[in-house]
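For reference, the structures are reproduced in the following blocks.
Here subunit A shows up in two complexes: once beside subunit B, once beside subunit C.
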Partner chain A sequence: MARLPREEWYDIARDVDWDLSYVDYDEVFPEWMSGTGKVPREAWAEWDEPYKVTYPEYVATQREKETGAYSVKAVLRKSRVFDQLDEGWKSVAKQHFGAVALVEDLAAYAELRMARFGLAPAWRNMAVFGALDETRHAQISLYFPHELLGRDPQYDWAHKAYHTSQWTVAAARATFDGMMMNPNVVDVAVQLPFTFETGFTNVQFVALAADALESGDINFANMISSIQTDEARHSQQGGPTLKILVEHDPRRAQWVIDKTFWVSARLFSVLTGPAMDYYTPLAMRKQSFKEFMLEWVAGQFADQLQDYGLKKPWYWDEFLAGLDTWHHGLHLGVWYWRPTVWWNPQGGVSPAERDWLREKYPDWEDRFGPIWDVIIGNINAGQAGLTLPATLPWLCSLCQLPVGTAGSPGNQRYPVRSYPLSYDGRTYHFCSRPCRQIWWEDRDTLHSPTVVDRVLAGEVQPPTVEGLLTWMGLTPEVRGTDAYGYRWARAYPPGDPGPAGDAGPAGDAGPAVTEPSNGGRPVPVNALFAGDFVTQLVTLQDTDTVDQAASRIAAQVVGRRVRSREAGLVVRLGGRVLPGELTVAAAGIGPLDSVDVSWDAGRVGER
Partner chain B sequence: MAARRLKTWSALGQLGRLPGEYEIVTHALNYTTRPGRPSALASNPTTPANMWLLTYRDSSPLQAGDWLGFRDPDRLTYRAYVTMQDQQETVVAGVLDEYGPARHDASLPSWWLEVLAALFTPTRFPVHALQMTSAYLGYLAPSSYITNCAVFGTGDLLRRVSLVAYRTRQLAEATDSAIGRTERARWQQDEAWQPARQALEKLLTAYDWGECFTAMNLVLRPTLDQILLHELAEAARDSGDELTWLLLSNLAADAARGIRWSTALARYAIEQRPENRDVLRRWADRWAPRAEAAAAGLGQLLSGVRPAGAAERAANSARHEVLDRAGLA
Partner chain C sequence: MSGRVGPVLRMSDDVDAIVAAIEDDNPGQQVTVVDRGAYTRVSGEGELRVTRASIERHLGREFEMRQFEELMSAFAGRIEMTSQEVRWQLGG
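Right, the complex of A and B next:
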């Protein structure tokens, strides 16, 4: 006898709400967790998942997928595929495992929260599959890299990353906790399955699967394609929730989407952007990050918003403009600060790669070319030490990524600068107006100290780059180095680009993260040197003259990322030029101020 | 200098032996429990979600030096779980085919159909309540080893609701009974169900993870499942309803697995900190009267098919046996 078709009994399994008699409704579904807000309780009865699946169907499909994924792995185990993989590509995989494996597990808690506090039984049932799926993703994302541990200790970070305070992890934790764990479940459904999974994980999984296949990493491609098939199913929890929310509270729906989309876009620019446009070997790249984002994220997501009667986020133009710059700045930052990551970033700016970048991003050369030329010149002059960090970039108080990387050098519209905000007696710095605005609206939940804040609070001892690396959990053998040992830079003709000039007195990596060595009181400032791509934490002394302060700041940039010039320096605070002979204290420079230093052609020779 | 080759995660390195797949994919996954964290979540420590985790998880009276030492006796991984449950679903499909429900169900006497209408088909409601609570336990558990047991357990409960829904539809079609029309009313109004409903509604608000675990897995489930799975199954077999007997027996294997890890976790907690015995016992004592009342109520629904008081007694002794296995006798 044939089994009953699903439609015959499916509705009975999700018709399981009843009227509570012995406890209050609000006790079982507290507003903090369930988050109905302006939506009348009865409205949730309409919740209907578009993609229906039963338990027997679920276990049958999933068993088949698991068998498939693990048997491909078993077959490849004895092959030499891994040894033949490009080092740049391996970095994509290492970065992905570290950034993703334990977030998959976090997503299981988000699903469990919906399975408990969701206001419709159909939703709660779907979330049970979601929790099982995410458990799968965490497990498969750990089992695959585990066998590579013996070959390369950086794979340890697939498991270790989220147990540390490494800075990209701190950024990701702030983003994901804010998306999955902090909000009530209505907001979780709009943020996680709708905005993040529907909007973004397509990029990470579809794009990387394509690049992985091209790069010959069949194992990785197999794993993430298999994961993506689950995502496609459980991300369907977002739509029905959003539909009900839009009907009763469109403003809340719009806000929750807007803020999530922005921080997700920022995070993807540090993870997926460099992976696609720099680490993946040139010959293997299918599409540029921008092309992919335009097609899969910007295009599809904007259409979806319209289908739900929502608008594009208010910052849409800024986001689109950012596809040309954000990930280039972030790649430069990750590469320059490479000892702070657990993978080996591929510089990715050989002459041939540079041609590709210029073709895909016509403004790339003007904006980032000059900095890379200084770096290439240093490498080829045997001064690779100048391409290593002695400071910390200032980190945005919302997205926790370097301030400056939401703009670019030579960019009138979105320059390299901080967007500060004074609140409650201190100054907070942001990478962009949207980050600042989101923080302002939701600071009671979203505020979380950045690595820079923790350095300033004295948590990192000693407060040097070495002390910071240890504090972030980066043991010497996993600290990132250039994936190709600078092979890409050596492809330039000798002497072209030429040397960057005098690197200045602090050119050797001194403890610039730290307090000044002697004398006055430390004044940590957020310093920008004109032409650089980030702002940095530089600690001045209140007894320094403004000219000395300018030199301290210049020493971290000139000859390292900005070519030296025969010119003096000028310091500005809030747009106002400060006299060079005044002390820092007398000039009014205080802790956490934004200080700008630039060349002053009128003061040639004084330096 | 070549770094020493890692054989497993650095976090698992102190095991002193090579971990198996189960540990590789289960160990220390929940970063919100990592040592040295400023707060569970990277956000203002006083957000409702942070306060919730602080109050109901991190400050629970049930404490252990190291929750990461606990192991599921079944060492279930996701792939082992879906493989096992797909096999069980195949068994269930085979049973359903073999009994050709239409003919089998039509042959059931009306007095027995009334028992099913009273005690079997309404269970989609209480089992859904357990499914919700089990999901909550997974969210609040202090280690991923415990969470994963709860996640698979939540899956089991959705399986059970699904099978009950499926049978509800079949029985409704094949018979003239009340099945398919009266489940919610029985659950909400039938006197015999009310103590169980009261216990489960209260369970939904037992937010301390340790109390939630104790109340559900060591007290209420052993009691309720003894009636809803075992006693009802025996009665079904005695009444010629082999199909119900076989299906419930299949579901009982899931419940038995739940008891295995739950009793192991209680013993582990006591091993970690002897004071935990009193903590667990206090909760068990608080919930036992609710379980007893539920057993007394549901036992009535079997009064025509089981000796007087037998189901209730069996339910209470099932609970005692579980508490005994948990080291709480």
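Right, the complex of A and C next:
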């Protein structure tokens, strides 16, 4: 029997809708969910998806995709492929499963919200396919790691991660709740399918597949690229929604894209950046993270923006500059705080890997080389304990990533510092001006307490690193260790780089995020030691002298990440030098203040 | 603005046939093919298309246009899909 071609009946079928007569339209499509704003309701009738598919076609295609993905898995199961995978590479997959599997599930709810509250029948129709897609993604991303559980307990975090408040999960949850769950569906369509799925997921799901295949992980490459074929279709809900929004409210369209792009870029710098430039074995790297980001995001996505009559976000230069630094700082942070993650980060700074980093990122050596040299020196001097955390980095109140990692050491333009904001009687710290501005504008839908906020609120007991690991759900057998057992560091000639000098007393005093009171009142501050790559939560006592406070802060950094020097220390609060003999209270240092400590060449030997 | 548009094909046995079909369907266009193993980026300037007829000719078997979705993990430009062809374009 001859069938009508799809285009001859499709538009009529998908536009089936009816006028409501028994209930109010506003009750069925309330503004807080449907979010039409300045767009007249009739305008949504123009919504036209570019990627047309019928239900029978959808089912047939998805069935073929699933058959493909699972049959590859079945074949490989009998092979020894998994045993031959590099430990660094395995961490890419472990990180991906934990960070992504249940976000796919969350995305199913976002699609369902559009399927219910979208203001055009065509849109609701497409969102139903989107919800079915995301359900498949969650299932496949849980099923693939499940069979590896018996080999390695870290795969358990594919399912467990989002049931914890582990810090990267808390960061991802804040970002995705703000993108998918909190806003109305017009904003969801612009944020999730348009900005996130056409801009960013391609880097994790298509670009990373290139590294995966090269690394021999055929299963993973096949799974993620299969998932992304669904995204290529349902991400097309973004375009038609954006087109209508741009026509009636271009300012809103631009803002929603700008804020989502920024937080997504921050998040991908901790997820995809280290995976591509450090964990993927050197010989298997197809391109650097920066090159992939330029190909997929800065190039392809920026074209798309212009095509819709929009501008590049106001912080575009800062974003581009960040491609040279953000993920290096975040990798250093994840590696240093490795017991706090569920995968084993590969240090990735052997002499050969370092040459590659210098070639791809000409400023890498100046920015990060000195810190890695201190770390390498400690490892090779048998002092690996000094490469483990005794405190917490301060976390940005928007992206929830360590403050400092939106800049880099020795970087005049984007230095390591906090961008604070006083609001409602307290100080909030941000990694960058854009994070601060976005939080300020949209704090009602974006605010979510960080792990540091929760420590400060007394939720983590005891407030030590061990207490924090337990609170974050990291049982001893899954806590991250160096993927190669420091093999990469041993490749340096003995004594080069040389020892970092004495570490401060906290180096052997045992971990303490906040220290026990010695009669004074605790004053938690956001402390930066000059030359470090992050700012940290350090708890001072109000009865400490400023000099004692300087030593407490130095103890977390000197000999650990910054080389020791024959020099005294100087403390600054808001740029003002504080006299060393005053007490913390008398010097005016209060809770949550930003305190800077640096070397003072004029005070040689006073330490 | 680069203005390059076209599909990104995931790894499969059919990549070569699809690329050949795209070349056939875009005479006069400089079709660029970048092979990164797990994906192959095919692009042209401003506009690119591929028809079902060309794909069937190069695959040597029947092909439904919906099946193109199984091969394409991303694309650049705006897409338009009918049962006979797929088109990618910018500035349209």
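Rule of thumb we're sticking to: the second predicted complex is superposed on the first by the 602 of 607 C-alpha atoms of A that agree within 3 Å, B and C clash if a C-alpha of one lies under 4 Å from a C-alpha of the other, contacts with A are read in each partner's own complex, and residues count from 1 in each chain.
Basically, a residue touches a chain if its C-beta (ideal position, glycine included) is under 8 Å from a C-beta of that chain, and two chains touch if they have at least 3 such contacts.
Quick caveat: nothing in here was measured; it's all calculated off a predicted structure.
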Subunit A as common anchor, with subunit B and subunit C clashing or fitting: fit
First, second, both or neither for A:Pro5, with subunit B first and subunit C second: second
Contacts of A:Val75 with subunit B and subunit C, given as first, second, both or neither: neither
Which of subunit B and subunit C A:Ala601 touches, first, second, both or neither: neither
When both partners are placed on the shared chain, which of subunit B and subunit C touches more of subunit A: B
Subunit B versus subunit C as contact partner of A:Ala60, first or second or both or neither: both
Which of subunit B and subunit C A:Gln236 touches, first, second, both or neither: second
Which of subunit B and subunit C A:Ala212 touches, first, second, both or neither: second
Contacts of A:Tyr22 with subunit B and subunit C, given as first, second, both or neither: first
Lowest C-alpha to C-alpha distance for subunit C against subunit B (Å): 14
Where subunit A meets both subunit C and subunit B, residue numbers: 60
Complex contact set, residues of subunit B against subunit A: 3, 5-11, 21, 24-32, 34, 38, 40-44, 47-50, 52, 77-79, 81-83, 85-86, 89, 92-93, 96-97, 100-102, 124-125, 128, 131-133, 135-136, 138-139, 144, 147-148, 151-152, 154-155, 158-159, 161-162, 164-166, 168-170, 180, 184, 187-188, 197-198, 201-202, 204-205
In the complex, subunit A residues that touch subunit B: 1, 3-4, 8-10, 12-13, 15-16, 18-23, 27-28, 32-33, 54-56, 58-60, 62-63, 66-67, 70, 102, 105-106, 108-109, 112-113, 115-116, 121, 124-125, 127-129, 131-132, 135-136, 138-140, 142-143, 146, 149-150, 153, 156, 159-160, 162-163, 170, 173-174, 177-178, 181-183, 443-449, 477
Subunit C partner contacts - residues on subunit A that touch it in the complex: 5-7, 50-53, 57, 60-61, 64-65, 68, 202, 205-207, 209-210, 212-214, 221-222, 225-226, 228-229, 231-233, 236, 239, 286-287, 296, 299-300, 302-303, 306-307
Subunit C residues within the subunit A interface of the complex: 1-4, 8, 10-11, 36-39, 64, 66-67, 69-84, 90-91
